[in-house]
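Heads up, there are several structures right after this.
What follows is chain A paired twice: with chain B in the first complex and chain C in the second.
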Partner chain A sequence: MIYNKRLILAHFWLAFAVFGMAILLGEWQMFIRSPLSGWLRNADLYYRSVTAHGTVMGYVFPTLVAMGFGYFISEAALGQPLIGRKWAWAGYFMIIIGTIAAVVPVAMGLDSVLYTFYPPMIGNAFYYIGVVLVVVGSWVWVALMGVNLYVWKRAHPGASVPLAMFANVAGAYLWGWTAVGAALELLFQILPVALGFATTINAGLSRVLFSWTLHAIVYFWLMPAYIAFYTIVPRAIGGRLYSDSMARISFALFLVFAMPIGIHHLFADPEVGAGFKVVHSIFTAMVAVPTLLTVFTICASVEIAARLRGGKGLFGWVKALPWANPQMLTLALSFVMLGFGGAGGLINMSYQLDSTIHNTQWVTGHFHLIFGGAIVIMYFALAYDLWPHLTGRALLNLRLVHWQLWLWFIGMIVLTFPWHYAGLLGMPRRMAFYDYTAPGMFAEGVSVVMSTIGGALLVVSAALFITVLVRNHSAARVDPEPFTFSRAVHEPVSLPWALNGLGLWLGLMIALTITNYGFPIVQLMMTPEGRVPPVFVGGKP
Partner chain B sequence: MARAVPADPLDGEALAKSIENRWALTMVGLVALLVAMVIFTGLHWATMPPSRVETINPTTLHVSGEFVESNLGSAVEADGSVTVRIIGQQYSFTPQCIVVPSRTPVTFRVTSADVIHGMLITGTNINSMVSPGYVSTFKTRFEKPGDHLMPCHEFCGTGHEGMWANVKVVEPDAFARLVGPTRRASCDL
Partner chain C sequence: MSGPLLRNRWFVGSVGGTFLLLVFSIFVGFVWLPSAQDDSLFKGLLNSICSAAGVPRSWLGEASAPVTSPTKVSDVVMTPTTLDSPASDGAVGRGGTLALRCTMCHGLRGVSNSQTPTLAGQYASSIYKELRDFQSGARISAVMAPFVADLHDQDLRDLSAYYASLPRQQTANTQDLQSAPDIVATGAPMRNIPPCGSCHGRLTSKLGVPWLDSQPRDYLKTQLEAFAHGTRRNDTSAQMRNIARNMTTQEIDASVDFYSGTR
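After this line comes the complex of A and B, so read on.
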């Protein structure tokens, strides 16, 4: 039973609305710096666009999806109305106000610092305050998820926490803790300078603090997709989840290993010593383990569905899968993109291979493939699955849904594969234009044109997605069956306490963050020579 | 759920768990192998990114110390190796054209006078961040003569797209003729 449909729909609709706007900016950026367009006279327009695209796609869109889905899971899995409904609305409006406060100065050209902030460049303070508001708004959700689970456990002593809620709260706590790094950077490094209270800033320390957020945020984006893998797809295709406890172990491992690895973004930085770079490289390798476990469990769950439908043979069962079901199709497309993106990720995390592709277009290709591809396509799938339960209306147009999903997949491949290639050629990121007539840059021009075409397919796909959802609101009323999550083949009878709560994993997460980040942060805090003058962009405030 | 025979081969749950555990162990082994490769290559070939946490005051680079203008570019050391000193600033590198000999150990020392920059040399594995307040040091060796581009790869402001330098790799004897008695060299585009 879903009690707060308006609250959940408000989150999803705001998420998809800002996504629809930001994807247009992304495609404009692709076009304007391709050989198809002349040089942009005002290069700053490009950097404003990159700042807005990154801020919306990185901070606002996935956060709102995680929040809306989180409220849904809390009610559907625990079977109790959301506790703290007013707080939830307060968090929602904080995100709206924060987004407006951040995006308006960006559009005015006062904050072309990109969503990664890049101090000692300092822009107008409203941008940073807006981002802080978005984060604080999402922290309301983190707290509410914890409270709802706590109240349910008090009322159901000894009962197994539903897997969907276990994973949801793991994602919430991961976000709560990982956002602390960027919050510390904004509150203690950037804002004092932006507001005029300080005259120097430690750029190296700022980068280390940001890396605390920068990698685990990816796993926060990924949580809703993985929750859909485990708790929606097997049910939707008529199968069973292969293993409930392995699913819990995977989510617990994400909580522990997503955090203490962010310094792999700083392999090429001079302000972190080699020892901690190696340590973070090793921990980054470990975070591949929960994904590899997930691939096994989900493939096995899918095989169960196929065999229940009469599938036979070592691989022949693949033909028996319900390919007309959008959840099945999305899962397959998502796994293909996850495979390529994950392989690229293993290259990035290896200390030495990274130097070939660090900060080139390869990296842009990598995270668009993983996040925009494997994860966002699952956001589409879960919206398709949830929508009839939220609107009480039928989701028609399965043909349109199939077109939308295939276009997204093809568009993402056409966008990101040439991007990876351009990176191998040494094409740097985030430039408003390139001199394609320079020796050796012709091949890069060709690949950028291909990416521009891929981006156009993505825009069409996004428009189809929004069309399907909008048309649902005026479709025939239906009475959908009560929402259910996947059931495991062997339902847990009684869980060990470690897998029925998050206490142990939270403790490990915090402890590993301290061991892996404590020394670099303290070392840089005690390096006053690292403080440098700020460079104001868009005029000094 | 009572189990009559604990080691029943038809016990689905136990079987499912053992298959799952086998996969988990294989994956942990795979990741361990990757980590071992990273550690081996790091130690064996001494492939290390710039990691010395060496600080420098960016406001006095031009006044004193090794990054004064006359000392930038390539310098021949007593042991025959070459040290290249570069400053990144909005929106250019100094010097804009860097000349180095092939088949010679080369040490780069790079810093920024203002914001975060980055540098890579196309067609090579040379890739480093350039941060104000810190010196990036790394060693390399160019095997073949040729021309390379050296873009700034980190967003550094509105003129970022114009921040490109050139690297010319020349034969060691041609380089020796270029450096002359000052034992310093840079090039013209």
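After this line comes the complex of A and C, so read on.
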């Protein structure tokens, strides 16, 4: 039973609305730096666009999806109305105000600092305050998820926490903790300078603090997709989840290993010692464990569905899968993108191999494939599955849904594969235009044109997605069956304490943050010569 | 949970496993990999651990001293607060008095009618840096050197504040980059030439860099050529020398024509 449909729909709709706008900026950027367009006369327009695209796609869109889905899970899995409904709305409006406060100065050219801030560049304070408001708004959600689970546990002593809620709260706590890094950077490094209280900034310390956020935020984006893998897909295709415990262990391991690995974003930074870079590299490799556990468990769950439908043989069962089912299709497309993206990620996380692609277009290609591809396509699937339950109307046009999903997949491959290739050729990222007339840059030009075409397919797919959702609101009323999550082959009867709560894993997460970040942060804090004058962006002509 | 933590297999397994992984990765990062380095800073266990942890070391401790330049180089360090001082009250007034000696070349109100730079509305940071460089000899000018020789640092600050306070001349094509030549709006990336506008106004400005609009054509061209030939050397990191050296004659003319406007 879903009690607060309006709250959940508001989150999803705002998420998809800002997504629909920001994707246009992305395609414009790809076009403008391709040989199809002449050079921009004012490169700042490009950096404004990149800043807005990154801020919306990185902070606002996935956060709203996670929040909306989180509220949904809390009500559907725990079977109780959301506690703190007014707080939830307050958080929602904080995100709206924060987004406006951030995006308006960016559009005015006062904050072309890119969404990763890049101190010592400093822009107008409103942008940073807006981002802080978005984060604080999402912390309301983090707290509410904790409170709702706590109340439910008090009312159901000894009962097994539903898997969906276990994973949802893990994602919430992961976000709550990982956002602390960027919050510290904004509050103690950037904002004092932007507001005029300080005249120097410790750029190295700022970058280390941001790396605290920068990698685990990716796993926060990923959580809704993984929750859908485990708790929606097996049910939607008529199967069973292969192992409930394996799912819980995967989410727990994400909580532990997503945090102490962010310095792999700073492999080329001189302010961090090589030893810590190696340690973070090794811990990054550990993320492969929950990822592979997930791939194994979900493939096994899918096989169960196929065999229940009469599939036979070592691989023959694949044919028996319900390929017309959007959830099945999306899962397969998502896994393909996750596979390629993960393989590319192995290059990025390796201290030595990273030097071949660091700060090239490879990196942007990589995170678009993983996040925009494997994760966002699951957001679409999520919306398709939840929408009838939220609107009480039928989602009938499967043809359009299939077109949308395939277009997204093909568009993402056409966008990101040449993008990786351009990076291998050495094309740097974060530039507004490139001189394709130079000898040796022809191949880069061809690959950027291909990416531009891929991006156009994504824009069409995004438009189809919004169309499907909008049309659902005026479709025939139906009475959907009560929403259920996947059932495991062996439903948990009595879980070990470690898998029925997050305390152990949160403790490990915080301990590893201290061991892996403590020394670099303290050392940089005690290095006053690391403070440099800011480079003001915009504002002063 | 029942029983003491240390007997619980979940606790022992997860915490113990994580601890072992941490010890292993620390061993690899701080002891094993540094041992493969053929650098004196990584010799010995403590040395290698400190180096790998990123403790600041003097890498050039055993190297020879840096070569000193045979010519005078600029020693001005500009930060956003360089010109903030408690004595800045009344700076414009004092600067106006001092500026009486400048008017014969730079104009009564900082607008030059000859081939000398227009100073009205120029950034204080830029004027201050150039005055300091004239004083130290980092920028050579037989005309300017005697004028600044006897001025105190506060005088230079006051002069900079005064000229920065004067109204800027309006130019016809301000803010219009569509009509700007490529070298101003986009530069030439493959020759390491950034757009002029990314430092000198129109796109963005940088600290200590002059605003070039309405400067005399001959002055701009002479300075660009001086940078290209290396006869002007007070650009701290040789950025203007490297840019001007890579510019074609046509690009120099185009940029000079654009910034000088009708002058």
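In the analysis below, the second predicted complex is superposed on the first by the 539 of 541 C-alpha atoms of A that agree within 3 Å, B and C clash if a C-alpha of one lies under 4 Å from a C-alpha of the other, contacts with A are read in each partner's own complex, and residues count from 1 in each chain.
We take it that contacts are C-beta pairs under 8 Å (C-beta built on N, C-alpha and C of every residue); 3 or more make two chains touch, one makes a residue touch a chain.
Predicted, not measured: the structure shown is a model, and the values here were computed from it.
K.L.:
Would you sort A:R41 into first (chain B), second (chain C), both or neither based on which partner it touches?
P.N.:
The answer is second: A:R41 touches chain C but not chain B.
K.L.:
Is A:R207 touching the first partner chain B, the second partner chain C, both, or neither of them?
P.N.:
So A:R207 only meets chain B here.
K.L.:
For A:Y434, decide between first (touching chain B), second (touching chain C), both and neither.
P.N.:
both
K.L.:
Using the superposition on chain A described above, determine whether A:E481 touches chain B (first), chain C (second), both, or neither.
P.N.:
neither
K.L.:
Chain A residues in contact: does chain B have more, or chain C?
P.N.:
Residues of chain A touched, chain B against chain C: more for B.
K.L.:
Quick check on the output: what are the common chain A residues between the chain B footprint and the chain C footprint?
P.N.:
43-44, 271-274, 277-278, 282, 286, 431, 433-435, 438, 523, 527, 533, 535, 537
K.L.:
Using the touch definition from the top, list the residues of chain A that touch chain C in their complex.
P.N.:
For this pair, the touching residues of chain A are 39-44, 199-200, 256, 271-279, 282-283, 286, 431, 433-435, 438, 496-499, 504-505, 508, 511-512, 515, 519-520, 523, 527, 533-538, 540-541.
K.L.:
Enumerate the contact residues on chain A facing chain B in the complex.
P.N.:
43-44, 47, 50, 112, 114, 118-121, 202-204, 207, 242-243, 246, 266-274, 277-278, 281-282, 285-286, 288-289, 292-293, 296-297, 346, 350-352, 354-356, 358-360, 425-426, 428-435, 438-441, 489-490, 493, 523, 527, 529-533, 535, 537
K.L.:
Which of the residues in chain B come into contact with chain A in the complex?
P.N.:
It is residues 1, 12-13, 16-17, 20, 23-24, 27-28, 30-31, 34-35, 37-39, 41-42, 45, 47-59, 90, 114-116, 118, 120-123, 125-129, 131-137, 147, 149, 151-161, 164 of chain B that touch chain A.
K.L.:
Quick check: in the complex, which residue numbers of chain C touch chain A?
P.N.:
Within the complex, chain C contacts chain A at residues 1, 8, 10-11, 14-15, 18, 21-22, 24-26, 28-30, 33-34, 49, 51-56, 79-81, 177-178, 180, 182, 185-186, 188-190, 195, 198, 201, 203-207.
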